[in-house]
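Input: one structure, supplied below.
Chain naming follows the written order as A, B, C and D, and within any one chain the residues start at number 1.
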Amino acid sequence: MNPSNYVVLSAVLFSIGAIGVLVRRNAIIVFMSVELMLNAANLAFVAFARMNGNLDGQVVAFFVMVVAASEVVVGLAIIVTIFRTRRSASIDEPNLLKY
Amino acid sequence: MSALASAVAVVVADEGTPFDLPSINYSAIAPILIIFGAAIVSVLVEAFAPRRARRPMQLVIVIGSVIAALVVVISLAGTRLVTAEGAIAIDGPALVMQGTLLVVSLLGALLMAERGIDPLGDAFAPRASTLPGSEDEKQFTQRGYLQTEIWPFFLFALTGMLVFPAANDLLLMFVALEVMSLPLYLLAGMARRRRLLSQEASLKYFLLGAFSSAFFLYGTAMLYGFSGTVSLVGIADALSAKPSEGALVAIGMALLLVGLLFKVAAVPFHQWTPDAYQGAPTPVTGFMAATVKIAAFGALLRVLYVSLGGMRWDWEPMLWIIAVLTMLVGSIVAVTQTDIKRMLAYSSIAQAGFILVGVLAVSPEGLSSSMFYLIAYAFTTIGAFAVVSMVRDANGEATHLSKWAGLGKKSPLVASIFAVFMLALAGIPLTSGFIGKFGVFTAAVASGAVWLVIIAVVASLIAAFFYARVIVLMFFSDPGPDTASVVVPSTFTTIALAAGATVTIVLGIVPQPVLELVSNAGIFIR
Amino acid sequence: MTELMPAEGVFSLIWVLIALPLAGAAILLFGGRRTNSWGPYLGVLTVAASGVIGVLMLLGMMQNSPEQRTYGQTLFTWVFSGSFQADMAFQLDQLSIIFVLLITIVGTLIHVYSLGYMAHDDNRRKFFGELNLFVAAMLLLVLANNYLLLYVGWEGVGLASYLLISFWQHKPSAAAAGKKAFIINRVGDVGLSLAIMLMFVTFGSVGFQDVFGVADQASEGTLTAIGLLLLLAACGKSAQFPLQSWLLDAMEGPTPVSALIHAATMVTAGVYLIVRSNVIFTAAEWAAVAVIVVGLITMWMGAIIGSAKDDIKKSLAGSTMSQIGYMITAAGLGPIGYVFAIFHLLTHGVFKAGLFLGAGSVMHGMNDNVNMRRYGALRGVMVITAGTFIICYLAIIGIPPFDGFFSKDDIIHASFERSPIIGILAMLAAGLTGFYMTRMVAMTFFGKARWEDDAHPHESPKVMTIPLIILAIGATFLGMALVYWGNIESWLEPVTGVETVELALPSWVYELTTLVLVLIGAAIAWVSYARRDVPVEAPHGSWLTRAAREELYGNQVNDALVVQPTYYTSRLLVWFDNKGVDGFVNGSAAFVGGLSGRLRRYQTGFARSYALSMVGGAVLVVLALVLVRMS
Amino acid sequence: MTTFPWLTTLGVVPLVGSVVVALLPRGRGLLAKQVALFFAVLTLGLTVAMALQFQGDSSEPFQFVESHPWIPTFGISYSVGVDGIGLVLVALATTLVPIVILAGWNDVDEDGGRGTVKGYFALILVLETLMIGVFAATDVFLFYVFFEAMLIPVYFMIGRYGGVQRSYAAVKFLLYSLLGGLFMLASLIGLYVVSAQLTGTGTFDFLTLTGLEIDPGTQKLLFLGFFFAFAVKAPLWPFHTWLPDAAAEAKPGTAVLLIGVLDKVGTFGMIRYCLPIFPAASEFYAPVVIGMALIGIFYGAFVALSQSDMKRLFAYSSMSHFGFIALGIFVFTSQGQSGSVVYMVAHGLSTAALFLTAGFLMARHGGSSAIADYAGVNKPAPVLAGFFMIAALSSLALPGLISFIGEFLVLLGAFERYLWVGALATVGIVITAAYVLRLYQRTMTGPVKPELEGMHDLRGREITALVPIAALTIVLGIFPAPLLNVINPAVDRVMTSVGATDPTPTVGLGTTVEGTDK
């Protein structure tokens, strides 16, 4: 299979992630969409590593996983705090800061 | 090739051969290591030191490490090398920005350490996990609990910032970006008062920040796909070798820049800024407003000049439009703001636009003038937020502008200092802001960007309006019953404020030493 | 061009002539109340001293040959820039000395008279200060050796006139009259300014000697322009048509002011200007014609107005206009007329001062009432006033041997020498003079007493009557003296040139005709106003009378053509300034504010909308880069 | 030529004074005034001492020159020096400051205002330093720095110590001036870049810049930025609307310094910077500028005619006068330009006289500046009315006063070059007389308003403040040589640098007037 299909797949995943961020209200799902985008990037890296014939892309993918994990930690902490305060994980609800 | 990748490559390619250690110039990255080490120690302190000992220990660690790192940076002056297998570039611009970051962070640390302003303690929630308004929170407040977890966050963020402008490959840049941002997301949510706002700021900052990171990362992936490397220089070489390839490069460049422009708060990637600035605890706002801007512009400059320099004709028109939008939107929207922190946030957006004018010069002068502008802006901003943290009424900080009316009569000195900051941000001569603007405009005109400068001039005028409005309120209105008062702070804030004011004025009157510094810093190493 | 004599001996005092009254003015005006007691006397003294110096200079001048009677004195370089230069320098010649003497001697008499007339005024000191200021400025006007310095004197007398007309500032009418005089004079000043500039552009200098020396080299068009501009200036200062309307209002000032400034001296400055610039007018024929036309129109206007006014001062003011019209006409005739213009100016200065002071004396006795319909039969109670007034009256209507006869007849002669039309018009106006002056004398001193109930007419004190007597003596003998004893024609000849043209008829024909016309006019007036009862309320009168009472609608015309349009323009521009210019500025600010209000709405507070704008921005950035790469 | 740093000393003295005044304890208002006055008089004394050493016939373009590198990175130096034009304007500034301090003695009181007494006087002294600097700078960047920095003290003086609409007026003033200033900044940068292209190293040195052969197209662009800033500052029509508001809201003293001195920076900038640095552009734009000036002359006068507020009237009148000044500069004749400079001085004096006298009047009647609130003032306060008269006459350029010399030379210069322009402008003197005398008539004459009966006449301090102005107005009008002697050589240099010569008379004649042998 042509590795460039993976790139296309990654683009699709990235777009799905981006659209997910735009259309979903639940902070957790929004956050998951972001993670999806990161992983789409990972897929692209790996695919490109294959196409370019070097391993940099794969290495990057590992780094990104670690970063994503720490992001999850921080993100969940924030989201949970908000949820506890507002009894809701909707990201449209915290809307005090505007204009 | 990044350090680890090469290491792995060695292992995979040459089974059996001894492990090839990457060559790392430890002295060149010593400042980063010092802060990073301090951050880890700081975590340990949080974990093991008794509650009462934490604050003094943390302060010693923070201030000591920052000063130590600063000393090392100064001793590194003139260094110009790429180390860690090409991942880190320690050159003039990197050192200038690291040095500035360290000094400004020190001032930020002083603001964050302040415990003399709020009668309840400091600017941070005693336990960030407690529910706002809950019994727990009251208990903690009554018992006078004060948290010191901010310090590890501070040091980690600073680590990321130090790496960000020095990162010479996109992977490291991404990691630095995250290391810098994640603690800031948390710090933004830790305000003692108005916690709902603070948490909201934190959430928005985090989600949007993560979103932008994804863009950055995907852009990196595209460029990697195009060039087979994440090294800035490697990408530049690939671009000059295969100049005609289309979509991949364009998308990669675009998404990469989106990620960076988000961090510098350029329009249309700016909308997190007002919310995050307003909601975050004021010392944190001051700290991040000043430092993130430096670090992010450092990275942006390096990417644009080193990696994409050959493509300048491609990205200049786009950045030109973004710069114009940033200046105009920032200035115009600030005009009708009623909250001082929010106004300063929009101001910082407008200022980012002015710096982009310098960036767009794409010349050594553009680099040095942008750096000067960043230095000037950072000190002024941190000073301004120091004042904001001092102007209070019974409910904490009085950030609504109406409460600033007549402040000049009530507290002439502090109001005058704030007026100096406003004038500097407006770019009035004899302040640092003027020399900064002059520098970037000169660099832009020298590169032929005359119209950009003319638009910048119009934007400056609009910006001057809202800076002037604050002065009008403070000095030309009579104090009313709602007028806030200025709390006399402890030495910490006083030092930060004094430093901010001094640098603002001194850079306006005798800017030559700093101008020499930034122009001697030269250009990025390739 | 005559050679300038160095100013030695008594002539080194030329500057003192001006400095004395100027110092007096400064002391009185800046000295404040502490000079109240002695100030007025100082004022009289300074003018008198200047007069004495003037007489000494005349005597000194007469000892020199006619070609050596021009003295120059330069104090310092005044204004200089590039090739432009104007000195603080004076020139005393046969023409100036006449004016110096007229100004200082008549001035002294009027100062003395004012001691009595203004005795009870609180601001007497200020009055004398301003009067001194006037004398100084007038002397500067006639002694300057260049047009720019002349301009200073020109405007100085205007200032003094303004101040003195509105001397009784608490009366709104007086304040308004002063302002009107100044502004109309400014219109004339525009002419003078432009004339000076045009001279500099043409000749490279504004000095009399320089300009006159090369005037003939300039094109006639230029000279005509200069001449017309100078005429405009003269019209303003001398209240000639079309700038005549301020003079009647100027009668709001105290009567000595009317006598000195608005009869004897200042209003004749226009005549001086034209005669002084005779070289230009001689070379610019059409300008000279314009001068004649203006003179004739004013001559008639003044006479008609003077015939209808019941206010004694305004009637006299009309007469002044008319008489100056004579002078201007004469000045326009060229070398045949210059001398007579000055001659008439001199005699007029004396008899008109006498008339005004006489009128003042009458008012003094009549509670400052100026309405002649409330006078009548005053000859009995004011013997000296009536006597001197009648002598001056005889002088003005030109009865021999009083001085007006000589000077006016000379002008009529000269007019006929130029053209019969001018001559006839001038001659008929003389008849009109006979009418209105007789009307005045009849209404005031003859007929029945129509005094108001509280009027107790009485003769004025000696300090006022003695100047009257002296002026009456002057009015009697001055004409004869200047014709038979010291010939004014030959005296002025080096300055103005003299020319005579043969007339068609022997000269006594003209003289006699004039006299007859005057007597007819006088007789009509006598019958109407002395024999018949004069009603206390003015009758409705014919359209001409009504028009004359309205000063021939000069004010209405000015109002409709100039004043109202000016105010409309002004209000229109104020509106435009507020709505247009300022509106644009404030509108721009409001626009930015409105834009700001709109733009901030996009900051909705929803993180997802921020994300949307990021995505949108990212898409645009991608598109931009792709597009740039494609192109 | 002395090596004593005259100009720096001159600038530093008021600055020191300002600091001293600012450091005085609150509530010691009287002491603050006395100290301020002392420093202002000291500065004036130094100015006189310096002016006496000025050599009118020197061949050097600037005297009392000092130059030290300041920001070498951008070719900026601290360079000061004055030519005749700079000298008289510096002298004007240092003369008016003590007068304003004296006149404004009681304008600010400790309790009523938003600002302190010492603050006001400290600001005046700061402003004096900046004014001296702006006229003395020979480095264009330094000039710009002073030019912009001057806005700040004035902004505070209007905004803190002004009338009801002070904030609006102050902000409008600041922003409008900044708008001009920022465009000038753009041009300034352009000029620097051009100088770098032409000479290799960028510079802001005035004399170097005048020697550059800048491409005419570039000149036209750069000129616009400079000119716009100066046209706003001066102000020329149609950039004037900040002035009436600022003048109406400011304290009389502030207004005097603002209109009397500060606004001169605009016209000073035109003659000092626009003409010599951009000769080709100046020539190109001259018709436009002359058009603006002419419109301004009449527009200002006509609008002044219908004003119901004294201070606004003075503002519009100033606008009209600035039209004359700009006209004189842009007709490129030595008479016009000398006249403009004399006019600047004269206008400074007459503005001071008008505003201060009106200020004294207003202080006696609750601060109202409405013309309708006054009538017949001449009776209770004849001395005040007398000074008002002198001020009015000075404003309408009565011959014999210094303003006449300026106005006449300007008109002459214009007439020489463009006959109809000069002729048209001359008509303006009629309207000037009309609005000035209308004001006098309405306020000073007529029956006294009942509430004005018993009004105090001027007192010693007030008279002391006004006498020097009146004296200078009269004495310089009669003997202007001290001014013209220093101005003319400077103007000649400007003329040379733009390559203009005076038109020659149509009928050849020597330049001497009878009775002098110069």
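A few points about this structure:
Criterion: a residue touches a chain if its C-beta (ideal position, glycine included) is under 8 Å from a C-beta of that chain, and two chains touch if they have at least 3 such contacts.
Since we're looking at a predicted model, the values are computed, not measured.
Common neighbours of chain A and chain B (chains touching each): C. More inter-chain C-beta contacts link the pair C-D than the other of A-C and C-D.
Taking the mean of each chain's C-alpha atoms, the chain closest to the overall C-alpha centroid is D. Inter-chain centre distance (chain A to chain C, centres taken as mean C-alpha positions): 96 Å.
Taking the mean of the C-alpha atoms as each chain's centre, chain C and chain D sit 36 Å apart. Each chain gets a centre from the mean of its Cα atoms; for chain A and chain D, those two points are 65 Å apart. Centre-to-centre separation of chain B and chain C, using mean CA positions: 79 Å.
For chain D, the set of residues touching two or more other chains reads 175.
Within chain C, residues 589, 600, 603, 605, 607, 611 each touch two or more of the remaining chains.
Touching two or more other chains at once are residues 203-204, 207, 211, 215, 274-275, 465 of chain B.
Pairs of chains meeting the touch criterion are A-B, A-C, B-C, B-D, C-D. Interface of chain C with chain A (complex): residues 600-601, 603-608, 611-612, 615. Across the interface of their complex, chain A is touched by residues 1-2, 4-5, 8-9, 12, 128-129, 131-132, 171, 174-175, 178, 182, 185-186, 189, 195-197, 199-204, 206-207, 210-211, 213-215, 217-218, 220-222, 224-225, 228-230, 274-275, 278-279 of chain B. The part of chain B that touches chain C in the complex is made up of residues 203-204, 207-208, 211-212, 215, 246-247, 249-251, 253-255, 257-258, 262, 267-269, 271-272, 274-275, 313-315, 317-318, 321-322, 329, 332-337, 462, 465.
Within the complex, the chain A residues that touch chain B are 7, 10, 14, 17-18, 21, 27, 30-31, 34, 37-38, 40-41, 44-45, 47-49, 51-60, 63-64, 67, 70-71, 74-75, 77-79, 81-82, 84-85, 91, 94-98.
Those residues of chain A whose C-beta lies close enough to touch chain C in the complex are 18, 21-23, 25, 30, 91-92, 94-99.
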